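Each of the next two complexes has subunit A plus one more chain, namely subunit B in the first and subunit C in the second.
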Partner chain A sequence: MSTSLQNGINTLIGQIDAPTASFFTSCVHCGLCADACLFYTETGDPKYTPIHKLEPMRRLWQQEYTFWGKLMKKVGLSKPVTDAELTEWEPLVYDSCTLCGRCSLVCPVGNDIVYMVRKMREGMVASGHAPEGLKGATQRAIELGSPMGVNLNTLKAQIKHAEKETGLTVPLDVEGADYMMVLSSAEVAEYNDIIGAVTRIFKQANVSWTLASDGFEGTNSGIQIGSSDLAAELVGRIVRAAERLKVKYVISPECGHAFTALRWDGPNLIGRPFPFKVIHIIELLDELRSSGRLQTEGVDETRMTFHDPCQMVRRGGVIEQPRNLMHMVAPNFVEMPEPGVQNWCCGGGGGVSANHRAEPLRNQVFSRKKAQLDAINVKTIVTSCSNCRTMLLDGLENNHMDIEVIGLTELVAEHLSDNAEGKAS
Partner chain B sequence: MEQELLLWVRGTGLQIAAAVFVFGMVYRMLHLLMLGRKMSLAAPRGSEWSGGLRTMWKRSFVSTKLSARGNFTVIAGFIFHIGFFITLFFLSQHIELFRAVLSLHWPAMPRGVIDISAVLAIGAMVALLVHRFVDPVKRLLSDYQDYLTWALSFLPLLTGFMLLREIGFEYITLLTLHIASVELLLVVAPFTKLAHMFSTFISRWYNGAVNGFKGINI
Partner chain C sequence: MKEHETLEQRLQEQGISRRSFLKFCAAMATMMALPPSSASAIAATLAKVKRPSVIWLSFQECTGCTESLTRSHSPTLESMIFDMVSLDYHHTLQAASGFAAEQAREDAMKEFHGQYLLLVDGSIPIKDGGVYSTIAGRTNLDMLLEAAQGAAAIVAVGSCAAFGGLPNAQPNPTGAVAVSDLIKNKPIINISGCPPIPAVITGVLAHYLTFGALPALDDQGRPKAFYGETIHDRCYRRPFYDQGKFAKTFDDEGARNGWCLYELGCKGPTTHNACATTKWNGGTSFPIESGHGCIGCSEPKFWDAGSFYAPLPAPTADVSSAAKAAAVIGAVAAVAVGAIDRGKKTQAQQSREKLTVDDLKGE
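Coming up: the complex of A and B.
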């Protein structure tokens, strides 16, 4: 799509729906959303107030959809949205917003601010104001199949490695399997122990599953940059693979935005309901636990906590399941202050981690996570989002904090009951 | 002359203002609702309606931990809104007006309670205005409408309190000023951010509906 200011303005006006109009009508400029945003709380800079990040869109709403706004525009008294303004707003819309949705939780008039930031990004893309780092990641995802550049050969190498390690077969392209597992880029590239972990868990629980050679990558840069067209192309690859293999379920990986893209936005992006169900890997593991198909033995006595990925918990509703699994294997599990839906973001969601320009700011605002961790004195952080995991590792390293970070699925797999393993198959 | 002016403001003037308020507000709310929204094609995990209705109520209370500036805003905001509603709906003279216009009535509160409510509401409004000037976040966000709507909400409270205590001017003058200030508020409300008195509940519903759809109970 060609990008221009007019395209951006038209896109933004087209994004304004009943909820958006209601939100802008209701805002009384109380500034409470600032208190919910780590970019404000950790810098004290008022420009990071969430509702302020939407100022160009708010003015367009006022000029196009309100009596006074239209009148002022007619007589030439309104301030038009310009390229210079959108350039100034780019760091506010991208670098200082992880789409974590905490602001939408605090607003007393009920404004879903992150819903509007997501819409604002559509206009920023259309006007050519998306950050270079995110543009590059999205381009790689579209052209190569992954924002990190991993491809089928990388996956096959990791499958071989997992098979050697576990002595089990990792199913690939098995038609008629019940579940199709999707991975995130980081899981294929860095946290590849996940492949062995799910292979062992699914063997024990007798889950019929497969990976798909043409739909294994769940990371959706299109959602993060704010381009529904590109997000639809990326999610469409998974849908086509799932339909080809005739699976009943697609498993979202430990990746926050992949879950949002698949579970909540996917059918809307491609314009039709999915012929399969989408389930988060943590939801599935908890279902297997409650039905007795997932059995563990032994515990890890380490004092550990769980970092709630925003898209899985606050925006995704998978809240109790990770805690049920933690209690299964970690008797010294402690909650951070403000856990669950109130949890603070790692600082790198919503495309911030792919945006190199945002790195100094991201490092600065990690002080919020540091304060949460300082309050509980843990040795290990468990999480279930590979992007959170990388951001946590980075932040801990920068702050010289000696805390291990692990994935929840891997933690569970480490404690799989040997006796039960494979007995059901 | 003064008598005639009072007769006009409490008669024709009030009718015009009430009509502009009702029709203007209905138009404004329908206008925004009719922009519509795309229904989600994803499989729901819960009910939009239960989430929406829950948030319409629960968002009256902030559940997130706030800073001192945030807590000040919440507390002062609460005092203003509650004080305003008590004086509006529980002063015996106001109830008489509702009885005359709507044929609805309910018990009044003692004058002492009304006096305290009005003073607290006025004090909270002054404090919120000062905070809007001194707090960097609010100062950055504020535009002319924030100050205009503050003044339009403040005048009925101030003139009403002066009227009850007979401060400053003669009774007829104060009554005329009080009713006129209310009429100004009614006429302007649908076309400014004062419309939040209704749109807030629509916003809360939409916000809660998204969470309800996802089965998130907040």
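Coming up: the complex of A and C.
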């Protein structure tokens, strides 16, 4: 057992780097991050001010790395970080932060607050202060291969189902394919139409692709709980599979944090560059669209909107691509207030959805999303993250709102033109 | 003006919506670097305040300060809010004249003794008994001393009132002095500038009305919120200064490229004011944006500081060896501290135990 206060503190001291030091130094205490955080705006409780969630880490930085802090510590005037304090901070760091990154976006001095929350979680989990729900999910991810407990047999059953439905072959473990598709466990378990959808799209666009039996799970609970050790293990599985199959690209699924874990954190976690490129499924579809390989016919007249997953827009910069695709098939597409890079989180990102304790709070702060939706009166929400999708469905249900939620890839696949399919093949 | 109206009622009469009013409060909070939450506090307080009595005395001045406040932004909310104080005496703006005007001043001084805000623009000549500037037969000196006695606080508007300004420049034939040279027993706030930025004048008044006290001041008695930084530090041409790119004449390539005007005498580095951020004419621009250097009008004795077009002095003595030694000592210290910190970080990382899945399981 290595989780202990001392281990947590050592981890945090190791995590504090030059950006962190400069962020803490340059914070002007303006409070703008509070107004950017839905946990503050929807509760009005100042303890949810994003930078405040880092208070133990800030003190540690001060005590260990600054002149006056060191002096104060020497003469015994500083307040040490204790187990009790970390216990108090656990809900702030995990339950009331979805790593959505809106605070980082608005900070006038450019402090990347969410970058530091991620570091703070390293210390929390190392000191044994991670929520039970997330611990369970991470444990399942490491031991069973998926936080939701789906395994290769589940995937094979879904592949069989998709093949029957589409009449096409779903490639598994094809060596030398260009693209390796990764899925999120929710897509294997619940939103399994996605497998048929990409199979049909890739067939039409003549994309050489495959799934991997030893690297199909894209979600990364290690990132959410905040353990680089475990996150590296999970990313490593995908990297090994991609290297085994010698693919040129790995496709991140419709899942926000899987994209972040693979595209941005991945190489840092395993400590070397990837020999392949990572692309989000929506980025790929938009590339196929602009090169004319993706052809649709017919439109859906339903009044619909697009929910931007936080990790896609703020970390990922994937903003125009989903809109290009929406405009192909949805003439009555309307934007929510504050769309794109400013969009509000569904409330369940960053591991909050796996953390049962956070559920009442998550339901409370859904009021922000509700207000956005109330302003536009749509019948359907389209999104590109299966976790957002589940959280939206849950929030809509709790608020008795009659709105359908679908994935963007599926929407596109529904309008795939049959003629083009024949031509391409 | 009606006595018992609140500010909000009066604004509504003037056709100013609550929304514009709240925007004004938020802008004021931002300008004064107050936390965002104080915008609502400002709004709540301002909406309720009864208009305090203000007496504005104009002495040896050019009326530029009044022009700045009333003309350049009129009719925006800034000027309206000024209308919201009960301006009981201002000899440029008031309708009354002669004895009636002086009567209004005396009445206000009596009725609001100890409560009114005294605004002064212009310097006060004290040579030869102060005979060089008189109003209604009384010297400025006499009038100021009398009016100051019953004032809650004094706001010296413009560089003349704050520091003596142009009348005080050499050889100062009238013996002109600043308000703070004569009054020692009242809180004085200097809003310097020739003229000062209108939003700075209204900002200070809003602060006073909201919090009932004057804002934090610098060593020259100016509000830190507006005078805390130099023009140079916030100048959009600062990157050119850092790169050593200077305009040498007003029509050379550097000038056309918008390079730094330091060598053309810009006083930005020694001038504390908010021009570079708040700007002029409703946020349109400020002098450096028009291609002319800062003349340093918000600093004491700026008229006597040499030509507006002479560059600020660069050090002539041999500071380089001292600077080199200091740099070396600094670098050595920084490297040492850095090494210690890095050592600590490495040690922490090494003593950290790797997290395994077993650590996630309960006892």
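The criterion applied here is as follows: the second predicted complex is superposed on the first by the 423 of 425 C-alpha atoms of A that agree within 3 Å, B and C clash if a C-alpha of one lies under 4 Å from a C-alpha of the other, contacts with A are read in each partner's own complex, and residues count from 1 in each chain.
By definition in this document, a residue touches a chain if its C-beta (ideal position, glycine included) is under 8 Å from a C-beta of that chain, and two chains touch if they have at least 3 such contacts.
Note that the structure is a prediction, hence the values are computed from the model and not measured.
Student: Would you mind checking whether subunit B and subunit C clash or fit side by side on subunit A after the superposition?
Tutor: Partners clash after overlay.
Student: Have a look at where A:T41 lands relative to subunit B and subunit C in the superposition and call it first, second, both or neither.
Tutor: first
Student: Just subunit B (first), just subunit C (second), both, or neither: which does A:S227 touch?
Tutor: In the superposed model, A:S227 contacts subunit C only, not subunit B.
Student: Quick check for you: in the superposed arrangement, does A:E175 touch first (subunit B), second (subunit C), both or neither?
Tutor: neither
Student: With both complexes overlaid on chain A, does A:V341 touch subunit B (first), subunit C (second), both or neither?
Tutor: Once the two structures are laid over each other on A, A:V341 reaches subunit B alone.
Student: As a test of reading the superposition: which chain, subunit B or subunit C, is in touch with more residues of subunit A?
Tutor: In the superposed model, B touches more residues of subunit A.
Student: Look at A:G31 in the shared chain and tell me whether it touches subunit B only, subunit C only, both, or neither; answer first, second, both or neither.
Tutor: After superposition on chain A, A:G31 lies in contact with both partners, subunit B and subunit C.
Student: So, A:Q139: does it touch subunit B (first), subunit C (second), both, or neither?
Tutor: Second partner only.
Student: Taking the superposition as given, does A:I16 touch the first partner, subunit B, the second, subunit C, both, or neither?
Tutor: both
Student: Is A:D402 touching anything from subunit B or subunit C once the two structures are fitted on A? First, second, both or neither.
Tutor: neither
Student: Find the residues of subunit A that appear in the contact set with subunit B and again in the contact set with subunit C.
Tutor: In subunit A, residues 16, 29-32, 35, 65, 67 are touched by subunit B and also by subunit C.
Student: Which residues of subunit A touch subunit C once you look at their complex with the stated criterion?
Tutor: 1-3, 7, 9-11, 13-14, 16, 29-32, 35, 64-65, 67, 125-126, 128, 130, 135-136, 138-139, 142-143, 225, 227, 229-230
Student: Tell me, which parts of subunit B touch subunit A in their complex?
Tutor: By the definition above, subunit B touches subunit A via 28, 31-38, 40-43, 45-46, 55-56, 59-60, 62-67, 69-70, 73-74, 77, 132, 135-143, 146, 191-193, 195-196, 199-208, 210-211, 214-216, 218.
Student: Can you check the complex and tell me which residues of subunit A touch subunit B?
Tutor: 16-23, 25-32, 34-36, 40-41, 46-47, 49, 51-52, 65-68, 102, 104-112, 115, 263-268, 271-274, 277-278, 314-317, 319, 338, 341-342
Student: Help me check something: in the complex, which residues belonging to subunit C touch subunit A?
Tutor: Result: residues 35-37, 337, 341, 344-345, 348-349, 351-361, 363 of subunit C touch subunit A.
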